[in-house]
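Paired with subunit B in one complex and with subunit C in the other, subunit A is shared by the two complexes that follow.
Then we have the complex of A and B:
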């Protein structure tokens, strides 16, 4: 059992939890993820770490309440327990001094991006950061990102704040010498960023979030084609070269369980925990 | 002399294909006594030699015959800590029962069914826990809580050592929990066997992936005197065919983990879903393939095919499982090999191109090698595929443990009979050494390693591997004390 030390609402339906998990906190690095199970009947879901605090013995996870599991997770409060948390899983992101790094994050994944960007900044990189969400209200960690970036751009799908698409990256890449890029977020976003950087041959790392069950290499649900080869995101990733990932396949596989997820949410909203 | 063995009652086919309840129902007391009385009590029993953990079959069978069921189970447990499990899933026809003298004239004694009977008898009456021996003060870490790890843990605890088991998943039991389905091995039985091991004094830490949470070296820093690696063959093999990543194509591991461990057959009561179409092809003909096919039937598939490149005779599954699958309506395409998958416009599998095979000369496994018949390609109309062609050892520990020698296919290299690895104090056994094999052979390896570990830690002085001379036992306590 893993106790929740603090809970914060980053935006409507987006929560950040600090969970007590001393040993994971000691080992956690940006890019790592955990698999958690909320309760006895819960499913195992992967969540990329948004931070850790060795002194407090906590790890941070951010999530958007879109499915049954994240809704259940969001209903927990400080002092409550999450039944299972296993980690740190996957390989840590490569943190090195590259020079000028472009960091792009979307939706709730801005939280893990912040963890990684802060580490990149700490080793002496200069950051140009782009964060986005559907609407202005859903943009998270604006101030925190501003603090570590030399410039920050906001993108919203509905145009309520900043740009309404990523096309400005074209000019941005023309006018700045970017040495390295990191993109974490929806598959479409990571794919777009990789396409923008491709002509400039800028190494672009993406952190994938496919369907997983065990997260330790046993099930193969998270297999993804990278450079024509099948890789397991959990043990070979989750960070891959964005120019080699087959995003189309990833997108199709990611949606495999959408109908079942809708059923689960419907039942949950109708019957709650009584089922 | 009764030549025929006593039949064990089973759930009727028409009923059992609609539920996940156990298929085989077990002997009644009278049936068990009747079967036990067939045993000839050979003075030099061949059955004992056939058992990887050396259970004294004639002796416990005599107890059953004379209705001393409690005594029978006590005798089994001297050698085998998990009899309710082995009584159900051991391939007895290949082991103890293979050499049974009765088998020459009629059916061999159903040793497995008798073992199961007394284990179940004891569970209903309340399990006796042997008295705890005097603590030796030695500590052993066991990595993995499958059959190898649980056996090693139980044996070492019985010798008075302090044993901690680290399990990566949220439930202990390894393949017994995630792999073997409920209808063949009910999970409450696994849980009660795990509880028995805990009652022997073993601590089980779930959610603990060694290699990530702690490395093997860090376990020694926590003052463990020896480490046993029993992490199994957890990595699924795929066929490497075009379009294998289409939606609707599973590894058997994923399919079975969803169904067994996560209880997807009770979705949406349980949160984990499993997608299943109408026509399912399971590739392979081992026990895992039979389990997958029978799960698919129970989940409501209209047609379930086992597709296997050799013939029925070479199928690695236990005959009993093959027959159960046939009885339940699983269809078989022997001498058939898939060559490519076909997908629809949405990225889902909608067919499988296959080629017919014929058997040629024997290969290195001794079985006749299947050879494709030119021009025999045909398409199977299917919408779900489960790939059950074997598993390879999990690489996480070898990758994170310096100096641990492995074979080129990733198995840990050990000394025969002791499980000793290339690192002092580190032992290994089960599928991580042998590649995917049986529950009982893993238990045998766990047992042997436990004996070797006992000898090793009883004779050695504690290795001074601690980061500082006076490190507190618990590493996290030490870290905390450093931070404050």
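Then we have the complex of A and C:
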């Protein structure tokens, strides 16, 4: 059982939990993820780490309440327990001194991006950061990102804050010498960023989020095609070279369980119980 | 004034339809019942609501009672809704604030011998319509500008005929032809039947006409690479000579990509003996000149067609082609023996039987074979061919030694056609040819607005038929272009940003690419491209995507209203079944069943949906939670969906729901998917009867009331 040390609402439906998990905290690095199960009957869900504190023995996870499990997780409060947390899983993101790094994050994934960006900054990189969401209420960690970046751009799909699309990146890439890029967020976003940086041959790492089951390389549910080869996101990733990822396939595979997920959400909302 | 925000003031008009409804249903009782419903401020009965008198009564009542919703309980909305909508508009009421209850086709005509049950059923149907009416919203029909130019893909006889027609009407036309020369298949043919006219002369004259037209741009050696946009505003990118990109904008697109003749490799010695050729190759040979000293020619029909698997269809034209070429041989040299070896001779069409008789008179010999024992072609030592035929008529084999074997092979779809299908996002049928929106009602159109179809791209046809369809497609295309603007349907998808979580499920399921996925996950509906099927709304896990006029909060109240009251004793023995019926097929089939007076149990209440793919898990779940004994989801035949494959998506959802119900301890077989067409009233009735029986055989579910009273756990709810 893993106790929740603190709970913070980053935006409506987006929550940040600090979970007491000493052993995971000791080894956790940016890019790692955990798989947790809220209760005995719960589904196992992978969540990318948004931070850790070795001294306190805690890890941070941010999530958007979009499905049955995240809704349930969001209903827990400080002092409540999560049934189990496995981790850290996956490979840590490559943190090195590259020079000028472009960091792009969307939605709830801005939280793990912050974890990674801070590490990049700590080893001496200069950061140009773009964060965004569908609408301004869902843009999270503005101040935290501002602190570690030499410039920060905000983008919202509906234009309620900052730019209303990523096209400005085309000009930005013309005027700045970017040495490395990181994109975490919706598939469309990661795909777009990779396409923008491709002509400049800027190494662009993306953090993938396919359907996942065990998270330890046994089941193959999270397979993705990278550079024509099949890779397991859990054991080979989750960070991959964005210029080699087959995003189209990733999108198709992620939708496999949409009708079932919908029914599960409906039941949870209607009866407060799982099937 | 926003009428939707006001408290609903509903007027209900119940039609007697002479004795059609009034002879079975107690209309007066239904009117009295309607008056007891919340928000109903006026209810009356009419002898014929659709008569001018009836219509003026609606208009008067709208003014007198300050109605902001109108319900007419009469016949099917598929025929009469437009009339009543106009009437509402004339009285100043937005036409989308009108709702119809079908108590004729689905009630009085379906339950003619059970007047009491019919009356109670009519009450339920009216109650459901009133429930939806409360939540109706006024809608605007957006107008879109139409670019007055057309793209024709394919420069064969169909494409060029369509191009000339559009050009004559004054529209700019682009013809894109993949070959270096326009003219298509006709360029290769020898003569046309039944006129015997020279095919290449004929097509040359059409090509010359096209080239002479200033408003036609003929792009040869060109293929369409990309198509974006929607009716009135298509952006086309084509590639000329494999290098130069050409871009232009058109209002409509006509697909006239034609077909190719099958090359029957391995069949009847084709590819093995050089004297075995297809009819097409034979015609090319005739263009050079009929070989001299031909003693015997054998033509084998259905070569590679009407197979068990693969090409199963009849290519229609080959029998006439064989007759034409046989007559030509006979005409050139009456001493040459011509044999037509056939399975079934289909000299369909005007004047073609005369053609067949003429061939018989001139001594062409017809020998039948069967699919089980097809002819066998081999080469003799003297270089001649021998055809062994088993005649089922005389029960014996016949051997013919001949100079030439000509195979009548079917027309088939080509790779370029298959490549075009995903570019235009239009469907191909199981036979590989392009699929029209409806074989009778929209034979020259695709389901996507502004994209039309003609010629052999649509299936085997002769030149006459292709040209007729080309003219049909051109005139259909010209309608919006002549108008300049078109009012589009108001029934479009709309997203609630507050509820949306940006999962992209709607983007993925949309058959028309009408939903854009923005960088951070926000979906955006391109209204002009949205066809209003509602697949996205049913797919959305959050209920954020909705279809106007068929929103969850309009459909769910209909379901709720059916179960909000205890069933009248008369109907109590009938199981309560909700049928979500696609307006194109199941709803129409139920209408026809009514017209044919087919009788079925009063168990089923229909809820009209634009496509079975609109049916959401929440609709089905609500029905069961409220007390339904069964739910039918009825969509079009498997390859007949008006929205490409909405019915298949619906089936997938129904199957997921079955599993969920099973887990909850109520039988998954209480929900079922049905596939039928508008022309299958008997299948609709059979489905209702069988499904009602199936439900009756199952142990009775506890009533909704009993469920309410039990502990609030999922399994106890049902």
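FYI, the second predicted complex is superposed on the first by the 273 of 275 C-alpha atoms of A that agree within 3 Å, B and C clash if a C-alpha of one lies under 4 Å from a C-alpha of the other, contacts with A are read in each partner's own complex, and residues count from 1 in each chain.
FYI, a residue touches a chain if its C-beta (ideal position, glycine included) is under 8 Å from a C-beta of that chain, and two chains touch if they have at least 3 such contacts.
Given the structure is predicted, the values throughout are model-derived calculations rather than measurements.
Peer 1: Between subunit B and subunit C, whom does A:64 touch in the aligned arrangement: first, second, both, or neither?
Peer 2: Touch status of A:64: second partner only.
Peer 1: Contacts for A:260 in the overlay, against subunit B (first) and subunit C (second): which applies, first, second, both or neither?
Peer 2: Touch partners of A:260: subunit B and subunit C.
Peer 1: So, does A:238 touch the first partner subunit B, the second partner subunit C, both, or neither?
Peer 2: Neither partner.
Peer 1: So in the superposed three-chain picture, is A:46 touching just subunit B, just subunit C, both, or none of them (first/second/both/neither)?
Peer 2: neither
Peer 1: What is the contact status of A:88 with respect to subunit B (first) and subunit C (second): first, second, both, or neither?
Peer 2: First partner only.
Peer 1: In the superposed arrangement, which partner chain does A:30 touch: subunit B (first), subunit C (second), both, or neither?
Peer 2: Neither partner.
Peer 1: When the two structures are overlaid on chain A, which partner does A:107 contact: first (subunit B), second (subunit C), both, or neither?
Peer 2: After superposing on A, A:107 lies in contact with subunit C but is clear of subunit B.
Peer 1: Which parts of subunit A are touched by subunit B and by subunit C alike?
Peer 2: 252, 260-261, 263, 267, 275
Peer 1: Mind listing the subunit B positions that touch subunit A in their complex?
Peer 2: 168-170, 178, 206-209, 212-214, 234-236, 238, 244-245, 247, 250-251, 253-254, 257-258, 262-263, 267-273, 275, 346-347, 394-396, 476, 479-480, 483
Peer 1: For a test of understanding, state which residues of subunit A touch subunit C in their complex under the given definition.
Peer 2: Going by the criterion above, the answer is residues 13, 64, 66-67, 106-107, 132-135, 155-158, 165-166, 185-189, 192, 251-252, 255, 258-263, 265-267, 270-271, 273, 275.
Peer 1: Can you tell me which positions in subunit A touch subunit B when the two form their complex?
Peer 2: Residues 22-24, 26-27, 37, 41-44, 54-55, 57, 68-69, 83-89, 213-214, 216-221, 223-225, 230, 235, 249, 252-253, 256-257, 260-261, 263-264, 267-268, 275.
Peer 1: Please name which positions on subunit C make contact with subunit A in the complex.
Peer 2: Listed in rising order, the residues are 497, 500-505, 508-509, 517-522, 524, 539-542, 617-618, 621, 625, 652-653, 656-657, 659-660, 663-664, 712-714, 717.
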